[in-house]
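Chain nomenclature is as follows: A, B, C, D and E, assigned in order of appearance, with residue numbering initiated at 1 for each chain independently.
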Amino acid sequence: MAAIERRIRYESELDPSFAREIIAFSGSPSLMACIQCGTCSSACPLSLYMDYTPRRIIAMVREGFKQEVLSSRTIWLCASCYACTVECPKQIRITDVMYALKRYAIREGVHPPRFPIPVLARLFYNTVRRRGRLTESWTVLRLYLQTMPLRIPGMSSLGWKLLRRGRFPLRPEGIRDRQGLQRVLRVVERQEVTA
Amino acid sequence: MSYLYFPGCSLKGTGRAYEESLLAVFRALGIPLTELADWNCCGATAYMSIDEHQAFALAARNLALAESQGSPADGAVQLIAPCSACYLVLLKAQQCLAADIALCQEITIALKEEGHCYRGRVRIRHPLDVLVHDVGLSEIARHVRQPLRGLKIACYYGCQIVRPFALFDRPHDPSTMDDLVRILGAEPVSWPLKTHCCGGSLTGTIPEVGWRLNYLLLREAQRRGAHLIVTVCPLCQFNLEAYQDQIRQRYPDLAPMPVLYFTQLIGMAMGLPPRELGLQRLLIPVDGLMAALSKEGAHARA
Amino acid sequence: MSKPKVAFYWCASCGGCEEAVVDLAEEILQVVEAVEIAFWPVALDFKREDVERLADGELAAAFINGAIRTSEQAEMAHLLRSKAQVLIAFGSCSHMGGVPGLANLFDREEILRYVYEEAPSVVNPQRVRPEERIEVDEGMLTLPAFWEGVQTLDQTVEVDYYLPGCPPPVGLIRSALQALLTGNLPPKGSVLAPDVALCAECPRKPTKPERLALKELKRPHQVLIDPETCLLAQGLLCLGPATRSGCGAACIAGNMPCTGCLGPTSRVLDGGAKALSALASLLDATEEAEIERILAGIPDPVGLFYRYSLPASLLHRRVGNGERLREGRSS
Amino acid sequence: MSERPMEGERSFEPRIVAFFCNWCTYTAADLAGTARMTYAPNIRIIRLMCSGRLDPQFVLAAFRHGADGVLIGGCHPGDCHYQEGNYKALRRYLLLKRLLREMGIEEERLRLEWISASEGDRVQKVANEFTETIRRLGPLRLAPRPGVIRLPVAALPEPSPAAREGALP
Amino acid sequence: MRAHEIYPNGGPRIGVYVCHCGLNIAGKVDVHEVVEFAKTLPFVVVAREYKFMCSDPGQEMIREDIREHRLNRVIVASCSPLLHEATFRRVLEQAGQNPFFFQMVNIREHVSWVTEDPREATEKAKALVAAAVRRVIFHEPLQRRRVPVKDHVLVVGGGIAGIHAALTLADAGKHVYLVEREPTIGGHMAMFDKTFPTLDCAACILTPKMSAVAAHPNITLWTYSEVIQVEGFVGNFRVRVRRKPRYVIEELCVGCLQCIDACVYKDARFPDEFNLGLGKRKPIYIPFPQATPRVVLIDPETCIWFKTGKCKRTCLEACERKAIDFEQQERIEEIEVGAIILATGFKTFDARRIPEYGYGKYPNVYTALEVERLVNAAGPTGGEVRLRDGRVPKRVGIIHCVGSRDERFNRYCSRVCCMYSLKLAHLIKERTGAEVYNFYIDMRTPGKGYEEFYDRLLQEGVHFIRGRVAEVTDWAITPEEEGKLIIRVEDTLIGVVRRIPVDMVVLAVGLEPQPDAEEVRRMFNISCSKEGFFLERHPKLAPVSTFTDGIFLAGACQGPKDIPDSVAQAGAAAAEALALIDKGYVELEPNTAYIVEELCSGCKTCISLCPYNAISFDEVRAIAVINEALCKGCGTCVAACPSGAARQHLFEDAQIFQEIEGVLAYV
């Protein structure tokens, strides 16, 4: 039997400042103007896989349902196709809101463990920070090792084919001025913290 | 006019054929492309999910490099970004920095540390835009040696070159690539999925979801009679092409469908050697089609 | 020049109409002087053959009283119609069906059963009923057929004029005869009586209030009737307003309400319905229960509103068992 | 006069004449139309200015000419456009029902309904209900009436002087 | 006899015209079949069909036929006669025929729109056409009666609608009687602080209009007065108005208010009606500072003199003008007017009827109207939003649709609550900085600038929770709910049930008809819609007219309405009244009853039936006579006349009998 879940929310469980934070974070004040029309949800190619539709995410952000929003899979399923953003009648930058929520979730560390998408983001981030560029082959390999090791055999033939066609170069890419880039990024980071 | 060229990480990896064909076509058209020296990752999707400001800094560094390396002929340096994600992120960074003074200051200060200077004078271009609007369809037509007669093509634009910045085409029903294909002698099929999402990195992270999206795209192209799909983005091309075996295991109704970069297609029509266009790197070969084409072409010329 | 020939005949009637003719008293002698009576079975010994012998149209006029219920009555009506230039329905029964017409509230079978089997004065253990045809040694005997319902004269044959009343008032008979003799006749189909309602000649008219509001309906035996005041004003169901004048308000003179024997005026299609409408309008009540309470004072609406006119009414007969109704129709 | 042939119960379609007052029920019937509230097609509406104009003769004439049911529609009590015409209609109706009862006609064949101008739905409901009632009762088997029911020619009036000259001083 | 001898206007030559009304009729009724059928009917000379008979070409077709085929009777089978009878009668007139040789057949509202089966619809249409053909044979030439119109107008109700209508008419030079039940005009609008969506100050835009009414030479303003009787008809109404005693002579009082200061009650201590009991007044008072007329009044229920007969009556001395008159009696005024505009407004839903919202039980549950007073600068708190204990609320919940869209109370949407809730949300947030929650079923903001206002409120951070509140309770579960009112609601957009603790609950009560709308309706002889608002003649084409000619509607008495709509409607009503009066006369339908004198027996049955006393008894001739000027044409006397001497034009027995036979003959 499925666990019976309490479906009531007391106001004390909500975070009244959440909406403000996300607005600041996403730079989309029009979030408040959402009329809950649902265009975003129907435009989204992935909403059918989401636990909360984008519309509901907006409503929940606005009402301070921080816990639910940050732990939802919705924000990670967003593929940044911007379909919602283009069609929103209130011009809410929903994709940016999703980005903001992803960043927030990573910062708070509330995303589901071993969930591949944030893992990929983290790998990507680390690689770029270190080398200035991404080497797809290594990033993908690491992602599979960390999140889906059992699927590696199934994908090996594809890997082999790509390797043979020169599309899976194993020599790591990188820029010359790595130290310079890292310094730039650190300055940005520092400024963000102080802000 | 001269263009700087920002390849982005994918064009050095899975999308090598894109770079090869792009360079070959521009070369054949007599337009010099200079690769941006010491470019770094654009700061795309995944990075932006961790830290937006750093992502903007990454983009801005590229733009600053472009400003210093380019020769601004008509006021702005033209920077070609063939990868849709790069194209979008560079544009987005530029726009956000223009709109948010505090952010702009923050980034400018950081770049200054290393002597970079960002002034916002780069014009970020997608090669499709450049080919259709700068070079012009008639100029391209002039170079067509081997018209792609009889070839039915599904033009796939993907999300990010027309969304959210619809700078050179309509976000819902773009047509530049269709026009281009027609000039090359082929027939663009009408299909409603031109800008439907391929799932981006989801094919790697949640394969079932990503594959399903790609299956729907492929099946529709097939249903509408397309012989092949043409794309403008390395990730789209990879998603559509690379997983066809896996997809077919789940959905057996799918026949192999070649997926080409639009630059490869132009090169073919211009009669450039297949190797220069990286055709050998395709997982689903187009040799058969090519053979049929050249016969058809010969026939037509006769 | 020979005197015009006239005929008198009776069908389903009580004989009162014949009396009314006799009530002309000495004037009857003038009548006899002016016309030749060719047929009057009640008064003189005529036979049907006497009529049959006449040429078509030989009779200047035929007066028929009584309603039509039997085949014989119908035959006689047809016969007289063919012989007479002018056919006059004489009295309420031939005019509108009359009191015998109230039999239309019952089926033929109900009537026969009651009359021959159920009436308290009847002893008929074998339940014998008169038969239309009966075989006897001498041959076949026939009786006139007893129809399913009562008809007016004009529902049987074409009628030229109507002399209304039960019986027709002497005055009306007199002026009708005069008109007939002088040839000064109104359009065919006319009722030979004034076309204004009885109130016009009612002596009590001045006592009728302008605003009448009846809280109770009374029947003559229930009250002591004031001999001067309008009867309706006393709560009695007087049909004078809905009935033609011409009788000199004889019943009212007798301190009894008008029962409507002269029938409605020419503008009215169904006298009963009209009288009903007028009466209902005068009730002093707006609540349904109160209206019903007052209406309980009319236990027999058909008897009140169609005492003389049921066969002539729009409904004509009671709706009973459909099967029996269908077969009984003859003409 | 139109006597119609007997109909089998199954094919029986009631014929209903409705007398509606101009201000309430007729308007309500218009409203039912505007609102596209479909109802049984058996109802034939005749407009009167007021239910108080309803002469009981009209009801009997309708039955005589083949109606299986007669519906009278007026304003609600107290709402009469002419103050109290509907009360007169009510009294006549109640007495008429007594008469019909004695004549062997089912009382349900005559129905009076108060329907205000805003009650289009009520027109629909009553029309449907009444049609069903009559359908259940079957055809009114009125005995055929011999003779001709002739509108007395005298019923055609000379236009009155007032009508002819029209305008008031 | 030949037909032309029997029937008026010579032998009947009938034209039958069947309208398609686009597809409204033709989509259901086989119009062609009806036309072919009509051709077979006696006396029918031509029968035609046309797309839109009421159009110019349609009308011309009839005129043409009347000339060419010498038609002397016309039948149009189309929509309801209530819509186009006048149109087609005019067509006959234009073609030189008497307009009453016309009969209209309603095959749209009564056939095509209400019948499912096309076959049955066609048959029904045929029957109705047949009836009309039979009927029209018996039509007679008639003429309309002309009656002069009084050029005064009565406006009932002194809210914004009544004020606007009165001023419009007065400015056009007509004399207006403006009758208001309350001691002042201004109505509900006078109680508001701001108006949506512009947030104009209500008083700033209303008070100038109120003073204009008081000062206008063409307006007789009777406040504290009620209409008690209405007689007559369009153009000629006789109205009686009761003027209740104020115990202050209106003509003498200058509104100095010294009497109020002088009252033996030192403090105001009686609940103040204008502030809905949130403030206090003395027995002698003025409802609010801008009250119009600016005249005080004494409430005998609270005045100690009236209650006990013992008082120093300090007010009397305080009044230099000697305007106070304890002996004043009510007065009855009689006026004659040509037109009447009803602008009697609305009342708000009684929130006590929904006990689960706790109004009357929890002191901090308010109705929206009460909050209007609280936010009003001239209100009992000087515009500060304070709870009854003086605290400033930190969280406020506004519950929409209270008494609206609820089968238990009112089915309809009250139309203004969404917008006034937005306005109150804005004002409360502005004045207190409180978090404001709106609980709504649907947001309805269809007006100029309304959606934009909603958007503004969204951006201001007012919460909008889609869900109808189940209850307001003081039952606390969590510690922070202690001492609060808890609103329990399903947030349907998020999909969870929520409990939201607030300090103040505002009930957005709906609009209802005035409690005495029924009596008023009867007095003025008009109709009400189902919910009890006055019924307009046609929802689209005659939205301010009523079924009674000469009586017009303005404002919320016709249905929930906001200020701009009320004002617009008031203007429209004024224009209609003006058109009527300026024409100078009305033409009455010639459907009067008449008595054929030589046939009348003088039975007097008819006399008592006439509600208009149009029938009298002529003692000399001993018959009844009808005054056709007084007759309204109901025909009750005609139905009752036991000898058929009383008749009715346009509804002659013969015509109706023909119609009856007609509808039955062709089924």
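The rule is simple: a contact is a pair of C-beta atoms (placed from the backbone, for glycine too) under 8 Å apart; a residue touches a chain by one contact, two chains touch by 3 or more.
Small disclaimer: the values here were computed from a predicted structure and weren't measured.
Considering the contact criterion stated above, the chains in touch with chain D and with chain E alike are C.
Between A-E and C-D, more C-beta contact pairs join the chains of C-D. Chain centroids computed from C-alpha atoms place E closest to the centre of all protein C-alpha atoms shown.
Distance from chain C peaks, on a Cα-centroid basis, for B. Using CA-based centroids throughout, the chain positioned farthest away from chain E is B.
Averaging Cα coordinates per chain places chain B and chain C 109 Å apart.
As a whole-number value, the distance joining the C-alpha centres of chain A and chain C reads 104 Å. Averaging C-alpha coordinates per chain places the centre of chain A 75 Å away from that of chain D. Distance between chain centres (mean CA atoms), chain B to chain D: 80 Å. Contact with two or more other chains is made by no residue of chain A.
Residue positions 195, 266-269, 274, 277, 281 of chain C are each in touch with at least two other chains. Counting partners per residue, chain D has 55-57, 61, 84, 88, 92, 151, 155 as the residues that reach two or more other chains.
Pairwise, the chains that touch each other are A-B, A-E, C-D, C-E, D-E.
Within the complex, the chain B residues that touch chain A are 9-10, 12-17, 38-41, 43, 45-54, 57-58, 61, 88, 96, 100, 106-107, 109-111, 113-114, 116, 159-160, 163-164, 166, 171-172, 195-197, 199-202, 204-207, 209, 213, 242-243, 245-246, 280-283. Interface residues of chain C, counted against chain E in their complex, comprise 195-200, 205, 208-213, 240-242, 245, 264-269, 274-275, 277-278, 281-282. By the touch rule above, chain D contacts chain C in their complex via residues 6, 55-57, 59-61, 63-64, 77, 84, 87-88, 90-92, 94-96, 98-99, 102-105, 140-147, 149, 151-152, 154-155. Listed in rising order, the residues of chain E touching chain D in the complex are 1, 6-8, 80-82, 106, 108-111, 113-117, 120-121, 123-124, 127-128, 131, 138, 140-147, 522, 525, 527-530, 535, 547-548, 590-592, 594, 596, 609, 611, 628-629, 632-636, 638-640, 644, 647-649, 651-654, 656-661, 663-665, 667. Looking at the complex, you find that chain E touches chain C at residues 598-605, 607-609, 617, 622, 636, 639-645, 653, 657.
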